[in-house]
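Shared between the two complexes below is subunit A, which pairs with subunit B and subunit C, respectively.
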Partner chain A sequence: MQDDNKIKAVISDKAYPVPIEMRPLWRICLIVTSIAVVSGDKKFLDSKKVNILVWMLIRKKRWEEYEKYLLGRTNDIPLVSVDTATYKAVEFSIAKGFVLLKDGRVHLTDSGQDLHEILVKNEIMQDEMSFLHQVGKKLTGNKIKGLTGGLL
Partner chain B sequence: MASFIENMSPKEWEAFCEIMLRHHYGAKNFWIVPDQDGGDLGLEFYTIDGTIFQCYYPVQGVEMKVYKQKIQKKIREDLKKLKDNEKEIAKLMDDIVVSQWVLLTPENKSKDLIAYCNKKKKETVSENISYIDNNDFVVKIETAKTYRDGMLFAQSVYSSAIDIPLMEVTDEDKTKWLSGNSAFSNNIDRKSNSLMGEKSKIFKGKVIARYIQIDKFLEQLRDEHPDLYELIEDSARAQLENMQEAWLFEDKIDSEFVKGVVENNKQAFEKHSKFMSDKNMQSLSFGYLSKWIAECYMDFE
Partner chain C sequence: MLGLTIINVEITANTSGGVFSTQIPFSSGLNVIRAENSSGKSTCVNAIAYGLGLEAILGPGRKRPFPKSLYEEIYDNKVDKNPYFVSGSSVCITIKNSKNQKAVLTRDILGHDNKVKVNVKDTIKDYFLGSSGEVGSAKSERGFHNWLAEYIGWVLPSVVTFDGKETKLYLETIFPLFFIEQKRGWSEIQANIPTQYGIQNVKKSAAEYCLGIDSFEHNKKLSRLKSQIDKSKEEWGSLQTSSEGIADYNSVRINKLIDIDKHEGSQSIEFSYLENDVYISVEEQEKSLNKLIENISKEVEAATVDNDKVNSQLGIIRVMRREFEEASNSIESLLLSVSEIDGKLSTLRHDFDQYQQLRRLKSVGSDISADLETNKCPICESDLFDTLSSSTVKRQPMTLEENIEFLKNQIDFFGSIKQRSLSDLQELQSKAKLLRAKLEIEQERLKELRADQNDVNGVARGKIREKLVAEIQLRNVVKLKEIQEEINEQAERIFNSWKTASDSLKLARKNAHVADRGLVIRKLEGIIKANLTSFGFNPTSISSVSISPQSLRPEQEGYDIVAETSASDYIRIIWSYTLALLELAGVEHEIKHGGFVVFDEPRQHEASKISFSSLIKKASETKSFNGQVIFATSLDREELEKACGQLEVNVNYYDDYILTLNTIENAGDES
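Moving on to the complex of A and B:
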C-alpha cells in the first residue's frame, strides 16, 4: 500500500450520462409521434394511451412481446408500470406548445405536427414510427384495460 | 398520499389493497371477486360487515377538473352495476346485507367528491336493491390511511415485491468483462493497489464482480421500475456530492475509508428499503462503490 499521507480521494463532479429515454426532447418527440401516427385525423389520444405507447416505444427489446399481446397472439400480459418521466414530458410538451391537455386527452397542436414532420423528413425515429404504424392502433380500450387491470 | 403509494401502477394498487384489507378484516371475513369468468360484476372485494370495495388508481398529472370527472365516472359506473347485476350479486352476498360501498383510492383531493358520493347514495337507495340496507347505506371514498394496521402490513409484504434476481458472476464472466473493458479494468487495478495494498487482488475481484452485478441489476430496474431507478440514481448522485467534502475530514485513505464509504452508502440507500428486497438493497452499497471506482467518479492521487 502507498503511504497513506501521499494519497487523497478525488471525487469527480463530471456529469452523469442521462439514458436516451430519460432525455426530455426524446420523450417529447415520442409523445408527438405517437399522437401523429396513431390518432389519424383526430390528432388526439387519451392520455393513458399516450403513456402506454411511450412505455412500449422506449423498450425496443420487448417490441415482439408487445406486438404479440396487441395482435391477440398471446394471453400473457406484458408488464406496464408507472413512469412519471412521461407525465413530466407531457407537461414540457404543453409548455412548449406541442400538445394541449383537454378532457384527459392529449391533443397535437400545429407546432407538434411540425415537429413530427421534421422527424419524418430527417428520418429520425423510423423504427419507432414503424412500430406505431404496425400495432399502435391495436392498443384498444380493452387492451389498455388488460394491461392496467381496468383501473386507469 | 404516502410516498410508498406514489409510485404504484393501478395493478399494484389493487394488489396492495387486497393485502391490506385481507389483513384488516381477516381471511374469514373477506372475499375477493375473481374477474376471469365473465367479469367481477363491478365488485373488487366485499366483507362480512357488508362493505363492497372498488379500487381505483387515477392517472397522475391531470388537472383537478379531469381528476374529479374520472373519479365520478368510476363511482357512477360501478354503482350502476349494483342494480344491473342485482340477482348475481345477491347470490354472492348470501346473508350479508350491504351497508357501505367504498372506493379505495390513494387520496381524495376534493370535497366535491364527498357531495357526489352522497348524491349517488340517494340514487342507489332509490333503486331499492334487495341486498342493500336502505336505512344505513353510505357511499364513501377512503384511502389506505383508514386501514392503518392493514396498510402497514401490506407495505411490509409489498416491499418484497421488487426482488430482482442478482446475477451470479463467474470467473468466466469476469474474464470476458475484463477483455472488453480495458479502461475500466485499468481504473480498478490502479485504485485497488492504492487502497488495499496486499489485499488488492481480492478487492479487485470483488469490485469487478459487483460492478458486473450492479450494471445488470440497474439495467433491469430501469426497464421495469423506472421511477424507483431514478430515486436510486438520485441518491447515488447525492451521496457522491456529499463525499466531495466529507473526504477532507478523513485522516487516512485506506481500507477503513472504503469501509466507511460502503457504510455511508448503506445509510443513504436505506430510505428505499421499503420498495425492494434486502438482497437487492445490499447490492447497492458496494455496487455503487464499484461503479464509482471503475467509471472514475472516485479517484485517488
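Moving on to the complex of A and C:
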C-alpha cells in the first residue's frame, strides 16, 4: 500500500452536526402544529397520536407509504415505534408552556397556538402542515391500534 | 494273328423223355457239317456264335436264334411225331486261344441265357451278357465280352458314336467279317453287322481294326480337335457377347471383333471412351483422370482458407468488447454514484431548507423568543445542549448557524463530487460511444472476412466435389481396365486353343493316309484276286476288282461290286474276301482275326461245282496256318465226298436230326 493512501485517525472534540428533527425547537413546532392542524377546535390530541404524527412527520421520504396506509389503499402496516426524543420534546413543550398534559392528552395552550400561527404566517413547515391536513385526521384509534399493535 | 480255335461244340436239350444232345468236334483246317435241310446244321453253327455271346451277328432274330426244338418241343427223328417237351437247353463250346489256353464256355439257351459259365483250367466263373446296370458286358470286369476280348488278346479300341460320344468297338461288330450265316450273310459282306450301337462308320471301323490299319485314334483325335475348335468358337462368341454387354453397361465403345477363324492372329478387345468427340483408350482415360485428380488436389490445397485472419480479427473484437464492457460498467457505476450523490444532495438540501426555516422561526419569533430558547432546561435551568439525543460525552453539537454552514458545505462538497462524476461520466460515455463505433467497424470487417472465407470454402467445396466425381470415374476406369485385361487374357487363351486345335486338325488331316495301310490293302487285294481266280470268277473282271481304301471292301472300278456282279460272282467275292482275311491273319501278326470262318450253306445260288470244289480246297489249306473253316451244308454226300477227295477235311455227316436222344452213342460218323 502506498503512503498516499494511508489514513490518519484524528480525535477531535469539534462540534458535531445534528439532524433537524433532533433540534428541540423543531420537534416542539412539529408537536404544536400536529395538535393545531389535526385536533381542530378541540386543541388537544391523544399523546399516542402526537407521538405517531411526529414519527411520520420527521420521515418525509415515507410519507407516501403512510398516506397509502392511512387512506386505506394498502394493508401493509408501516413501521412505527417509540421515539424517546418526542417524549423529551413533549416534556420540553410542557415546560415551555406550549402544551398541557391532561388525562393522557396533550392540550395546546394559547402560547402554543401563537407559535403555530407564527409558523403559518412565516410559511414555516408548510410541507408538514400540508401532510397533516391531508392525512392527519385519518389517523383514527383503529389505525393507531393497527400501527402499534396496542403496545403504545 | 488268329484269335480262337473251336475245339468242340455240344448242344443239350433236357426233355421230359430224356436228354437230347449232340457233340461236334472241330479241328483246324476245314470242318464240314453235312445234313439235310431242317436237320439242325444252322443250329450247330449258330451255337458257336451263341456260345461266344455273339448271337447279334446272326441277324434280326438274334433274341431267339434257335428253332423251337431247343425251346419248346423236340422230335427224336423226322418220322416220329411224338414231341418231347424241352425243359432246359444249353450250348457248351470248347475253345482255345493263340496261346493254346483252353476254355469251356457254357450258356443256357432255355434258362439263364444272360450269363456264360467259363471254365479255364478247372476254374469256373460266371460272366454276364448284355448290360449290368450302366456298364455293359464289353466294359465290365465281370462282362463276358470283356473276358472274351482279353482271352483272344484284343484290346478293343474306342470309337466315336453318331452322338459324338466314345464307345468301344464291340466284338459283335467284328465277327460278321468271319461268320456268314445262312439267311442274310450271303447278301453282302458284313451283312449282319449290328447298327444299334450308333457307331460311326462301323463296317469300316471293324475292317480297319481287323486289318490292323485302324484310324480310331486318328478319328478320335480329329473329332476331339473339331470339338475343341467348336468349343473355342463358342467361347469366342460368348466373349464377344459379354464384352459388348460390358461396353454397353459402361457406356464405352468396343472395337469390332471378327469371328475367330476369319482373323489373322489374336484379336485384342479394346474399350474406348468418347471425350470431346475423340475416342480414347482405357489407359489414356486412366492417365488423364489421374492428372485431373492431381490438379484438382492442388487447387483444393490452394483454396484452403487462412483462418488466422479471422482468428486475429476475433481477438481484436474480443479485446474491444472487453474494453467496451469495462467502460459500460464504469458508466453504470458512475451513474449509480451520481444517483446516490443526488439522493444525498436532496437530503442535504431538505435539511438545509428545514434549518433555514428553523432559523427564520428563531428570527421572527421575538414574541415568544424567550420560550423558544433551548439552551437551558426549562425545568431545572441546567445547561442543555441543543439536541434531543442522549449525549454521553461532553461534546457539543453544532449551533444552528454552524449546522446550516455545515449543511451548505456538505451540499457544495457533494455538488462538486457530482460535477466531477458527471464529467467523468461524459468522458466515459464518449469513450464507450467511440468503442462501440470501432467495434461495429471491426465486426463488419469480421463479417467480410467470414464472407470471404465462405466464398473460398465454396470454391474448395466445388473442387472437392469435382475431385470426388473424378475419383469415382477413375475407379470405374480402373475396374474396366482390369476387365479388359481379363477379357484379353481369355481372348488370347481361346485364340491359342483354337489355333492349336485348328493347326493340329489341318496337320492331322494331311497325315491321315500316311499309315502303311496301302501295303495291307494291296496284300489283301492280291489274295482276294487269287481266290477269285481259283473260284472261277469272271477272269476279265478280276483285274478291275480292288479294295476301296475308304470302305476297305471290294469294289469294281470304283463302284459298288454288288450292283456290277451276278449273284454267284458276289458269293465268290464273299468267299474270297472272308478267306483272304483268314489267310492274311494267318501270316500277318498285325491282322486280328477271330481265327475261324463259318460259312452256313456256302453253295448259295448254285455256285458251280468246280467253284465249290475250289472253295473246299482253299478252305482245307487254311490248316497250314492253323486257320479254321466251318461249313454247314446240305450238299449231297457223294458230291461232297468227291469235292473233298483226298483233302484233309473234318466232315460230320448227319442223315437225320443232329440232336438225338442218348446223344453220345448217336454222334455222326467222322470221315
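In the analysis below, the second predicted complex is superposed on the first by the 142 of 152 C-alpha atoms of A that agree within 3 Å, B and C clash if a C-alpha of one lies under 4 Å from a C-alpha of the other, contacts with A are read in each partner's own complex, and residues count from 1 in each chain.
The working rule: a residue touches a chain if its C-beta (ideal position, glycine included) is under 8 Å from a C-beta of that chain, and two chains touch if they have at least 3 such contacts.
Source: prediction; values computed, not measured.
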| item | value |
| --- | --- |
| First (subunit B), second (subunit C), both or neither touched by A:K68 | neither |
| First, second, both or neither for A:K138, with subunit B first and subunit C second | neither |
| First (subunit B), second (subunit C), both or neither touched by A:A85 | both |
| Contacts of A:H107 with subunit B and subunit C, given as first, second, both or neither | neither |
| First (subunit B), second (subunit C), both or neither touched by A:C29 | second |
| First (subunit B), second (subunit C), both or neither touched by A:K43 | neither |
| A:I20 touches, of subunit B and subunit C: first, second, both or neither? | second |
| Contacts of A:K60 with subunit B and subunit C, given as first, second, both or neither | second |
| Touching both subunit B and subunit C, residues of subunit A | 13, 16, 19, 22, 85, 88, 91 |
| Subunit A-facing residues of subunit B, complex | 7-14, 55-63, 66, 69-70, 193-198, 222-227, 230, 233, 237, 240-241, 243-244, 247, 250-254, 257, 296-301 |
| Residues of subunit C that touch subunit A when the two form their complex | 350-351, 354-355, 357-358, 360-362, 364-365, 367-368, 371-372, 374, 377-379, 384, 386-389, 395-400, 402-403, 406-407 |
| Subunit C contact footprint on subunit A (complex, rising order) | 13, 15-20, 22-27, 29, 60, 85, 88-89, 91-92, 95-98, 111, 114-115, 118-119, 121-122, 124-125 |
| Residue numbers on subunit A that touch subunit B, as the complex places them | 1-2, 4, 7-14, 16, 19, 22, 47-48, 51, 59, 79-85, 87-88, 90-91, 101, 103-104, 148-152 |
